[in-house]
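Two complexes are shown next, each including subunit A; its partner changes from subunit B in the first to subunit C in the second.
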Partner chain A sequence: MTFDQILFYVFSFWFVASSLAMIFSRNAAKAVLFLILSFFSAASIWILLEAEFLAIILILVYVGAVMVLFLFVIKMLNIDKSTLRAKFTGYLPLGLIVAVIIIAEMTLVLGGNQFGLDVVSAPARHAADYSNITVLAMQLYTTYVYPFELAAVLLLLAIIAAITLVHRNDVSRKKQSISEQVSVQAKDRVRLVSITSPKKENK
Partner chain B sequence: MMNTFQFDTASLLVALPEIFLLSSIVVILLLDLFLTKGFKQVTYYLTQASLLITGILSYSLIGQPETLIFGNSFILDDMASVFKVFMMGAAMVAMVYSRHYLTQHSLFTGEYFVLVLLSILGMMVMVSGYSLLTLYLGLEILSLSLYTLIAIARKRSSAIEAALKYFVLGAIASGLLLYGMSMIYGISGSINIIDIAAFASDSNLGSRETLIINFGLVFLVIGIAFKLGAVPFHMWVPDVYEGSPTSVTMFISTVPKIAAVAMLVRILVDGLGSMHAYWSDLFMIIALLSIALGSVVALMQTNIKRMFAYSTISHVGFVMLGFVTGVVTGYGAATFYILAYVLMSLAAFGVIILLNKKGFEADQISDYKGLSKHSPWFALMMLVVMLSMAGVPPFIGFYSKFFILQQVISAGFVTVAIIAVVFAVISAYYYLQIIKSMYFNDAEQELTITAPMDMKLVLSINAILILVVGLFPDFWMRLSLSLF
Partner chain C sequence: MMALWQSFVELMHELIPWFDGSIATILIILIKAMALVMPLMLVVAYFTYAERKVIGYMQLRIGPNRVGPKGWLQPIADALKLMTKEIIFPTKANIYLFLLAPILAIAPAIAVWAVIPFDEGIYVANLDISLLYVLAIGSIGVYGIILAGWASNSKYPLLGALRSASLLVSYEIVIGFAVVTVVMISGSVNLNDIVMAQKGGFWHWYWIPLFPMMIIFFISALVETNRAPFDVVEGESEIVGGTHVEYSGMTFAVFFLAEYANMILMAVLAVILFFGGWHSPFEGVPYMESMFTWVPGIFWLLAKTTFFMFLYLWIRATFPRFRYDQIMRLSWKVFLPWTIVWIFVVALMTQLKIGPWF
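So, the complex of A and B:
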């Protein structure tokens, strides 16, 4: 077993184990931490595949940004776990049967017979000075410029959608109206109330 | 690695409709910010104008030779241009109807129009997509806009529920579609349809390659069937149709169907056409189930939007039957059917929106009681639409069913054709039920039509077109056949 293979099995083990731990953990915050571990393992496997840029992006974007956001949301929402798990056992047998069938079919079709090293040759290793990012950029801004632009449109759409759904009416927004502030008069803000003060009782 | 990519700016001209639409979306989005309440109508007129110009640009590209640009990921052919023209036309009509609905239910905002335009951009990308990646991105742009459009009526819990249901199920379907795409990519080594087609039609394709393509194909068919709303992937359709604001329901049931058919053609016919023997069996089962379930379950509905949802499912079944045949004329018949269906569906939802008023949705079948006495003209329009959907000659709905069944029989599937006809007859019952309540029942409540003149005019033309195209179907038929 080469060093590469040992690394691959270690990372894969952590990947599968942390994914399972994420699904079965009772604490939502712990589940997020396990998910971070599984992302990290996946990124490590990508580095073994010489996809360094993607691996770093996975860690920066998903672990650094998305998962932190997830943690915030989980902490703020205070999800009731009992309602989430209420139908879990009811659906478990059916779900297990379906999952087993799908896994069996997938291993039959996608197993070593179809994608083993004797069928598909291993990709050639690149030299040490090979730049992953340069090649990626070259492809992204030439051959794939159209999908790249479409992804930008998708992001614009996501912004519009988020604002449309969250933005409330003008009434509830606290905004500063300078003209109103300038033209305000004392009688609008200050109300003089004449209070009859009780007379001092002279002893 | 040297860059061998040649970028010719002149080649961008074939993508002019998309470029124009995206630019106008950005302009409208920015302009809408600066419009005060009294001038909000400007957004509507700009939307209509940009749709019109995009349509004209697409029309001017009809007849151009087949061109592939952007590294073979974008195709311009007659099918793309004709579909785009039809989509623009349908979207413009839908916008005319929507405006009345939106003002009645105080949903008239600039974002609504921007989201509609963005979804149309997504559909144009799908129609012209010639790589799995662009098709998927187009689909996501479309879906994301639709989820938001449904949830735009956020005061209604049913709309939120519909949006969430559509979002979750749509995400699963997108996942399945992507998984299928990754299989096809894994075995063929390319995401471009043109390379996949060359790979799949290779005569000495090994059993290993065929197996993996089939594996991916199943997921692709599931994804496409979900987007079309075919049984057994139809669960979202009735809930989304019922829960959405009616103007959004109308939009979902019309324009995206054209795009879904285009995606089907691009992936399954253009790309994996040589694998037809494998996917046509799947299609036949899905088509027959859709026709059967759509026709039978619709009988029990009292909500007219829900009823139309099941009616859509059965119509989609007919469209898929056209692809089962595996011949060019069958694909043409399916195209004819979907374009005819869009015309009918627009008019049907147009009548529903026509009867809308503040705080009242005409979404129960009983709401149509006595419509003939109150408004004989629009009752007649609804009569035309219902008869056409039921497949009564001489309306367009008859010819669309007729062409499909003709192709199915000539491809040798006589039993399939008989089953389809039997269920089409059953489905006539619920269309006739609406006609019965319009003409033979007395009104239970006061009906008022507050719609503006332009909507009444467009709706009348729309319904009359159903009759006119039904009387002279050969132009549409020849057009549909010329696309393949």
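So, the complex of A and C:
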């Protein structure tokens, strides 16, 4: 067994173990933390495959941004565990059927007859000056430029749709104009009134 | 066991060509790592001293002057005090996550330094995607704050963590866009190549063509490192001490170390991306260039970094704290449109071959 094989098995073990821990942990925040660990393991395996750009992007996007928002939402929610468990047995048969179908599909698609070493040869090791990001960019911006642009437009569409769904203009709400606040002057806010003080009668 | 060691040596040899598995080369790697971390910790310690002194003089005070001559031993006394203090755990808090949080804060803050080039050929690791590595590992630091807030089982830390999470994520986007412009005109995500692309006099540095991006990067760096005037995470007047409320002794000190290591990192990054890294400002200037050729490049890098570190203190002593909603507005409605517009400007300029870098 070579050293990178041992690394692969270590990372794979952590990947599977943390994924299982994510599913079985009862605390939603801990589940997210285990999911982060499994993302890290996946990124490590990608680095072993010399796909360092994908690995870094996985950490940057999913660990650095998406999972932060997950934790954010979980902290804001008040999860009632008893209601979650109440209908567990009721949903069990349906869930089992779905799980079996998913497992069957995945073994059909991802099985050894599709991705075995005799079908797809192991990736060749590259020299130290091989640049994964350059190769990826050459493919992405020449051969696959239209699918790439389409994906970008799709994401933009999703952003616009999300904003349109939650944006309500007709509701009157308190709004502040920053430029108005900054350019405010003393005479706009303070009114100096001269009051004639009443004459003191005693003494 | 021997075969395993052999394959480890082979793998390392692929990554580091001069690695031959002898004790000496392993020692060299360890010494390189220590030569980076030990001075960094020392600089962090004396940066806190400098902060108290500089802000003291700006506010017409003297600052710390009791421990040692002119107070020079103050940071060491502080470290000793924090190390000997008791670590108090809040009742019903999750102790594992409570202790994991400071570790998650400091580990990325130090790991990022591995790819920072200090001079031509002086670095711990020369990654092909070092800029992305810095952004990715730097983005993990937010978990330290979020977990600290959550694991403390207390109200103010949770509020501070919620504020910081949304803040850091929004400003990471801004920093990412600002850095994209640098990548566009240097044509590389390797920090070494980015510095080399700025060779030849200060008018070749990227702060001139990317001046708005430089300003945006620096202000976003202030937010990312929770510095005044954007220190809403621990804003004392609003939420007591934010995520640090329940932390005491060494656990608190580790958060402090991480924050200052991040500050110095952001200063170095600003120098590398916009101010020519280790290049001398007198390059290409007649007479001056030959006068300063004996100065090593690392001196210029550290001098420029020190200036940016001083800016942090200057800004802290000058500006009052921003209101939280105004910081969010600044990110999404001011900085983000600016960066996107500037990306288009830079794209046009590189395509039409106009601009000072050609």
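To be clear about the criterion, the second predicted complex is superposed on the first by the 140 of 203 C-alpha atoms of A that agree within 3 Å, B and C clash if a C-alpha of one lies under 4 Å from a C-alpha of the other, contacts with A are read in each partner's own complex, and residues count from 1 in each chain.
The rule is simple: contacts are C-beta pairs under 8 Å (C-beta built on N, C-alpha and C of every residue); 3 or more make two chains touch, one makes a residue touch a chain.
No experiment lies behind these values; they were computed from the predicted model shown.
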>> Going by the contact rule set out at the top, does A:Tyr144 touch subunit B (first), subunit C (second), both, or neither?
In response: first
> Touching A:Ile178 in the superposition: subunit B (first), subunit C (second), both, neither?
Replying inline: second
>> Between subunit B and subunit C, whom does A:Gly64 touch in the aligned arrangement: first, second, both, or neither?
In response: second
> When the two structures are overlaid on chain A, which partner does A:Leu157 contact: first (subunit B), second (subunit C), both, or neither?
Replying inline: first
> Does the superposition put A:Phe3 against subunit B (first), subunit C (second), both, or neither?
Replying inline: second
> Where on subunit A do the contacts with subunit B and the contacts with subunit C coincide?
Replying inline: none
> Residues of subunit B touching subunit A in their complex?
Replying inline: 1, 3, 5, 7, 22, 29, 69-71, 73-74, 109, 111, 114-115, 118, 121, 125, 131, 133-134, 137-138, 140-141, 144-145, 147-148, 151-152, 154, 186, 208, 211-212, 215
> Which positions of subunit C touch subunit A when the two form their complex?
Replying inline: 4, 7-8, 10-11, 14-15, 17, 97, 127-129, 132-133, 135-137, 139-140, 142-143, 146-147, 150, 158, 161-162, 165-166, 168-169, 172, 189, 326, 329
>> Under the stated contact criterion, what part of subunit A meets subunit B in this complex?
In response: 109-110, 113-115, 119, 135, 138, 142-147, 150-151, 153-154, 156-158, 160-161, 163-165
> What residues of subunit A sit close enough to touch subunit C in their complex?
Replying inline: 1-4, 6, 29, 33, 36, 52-53, 56-57, 59-60, 63-65, 68-69, 71-72, 75-76, 125, 128, 131-133, 178
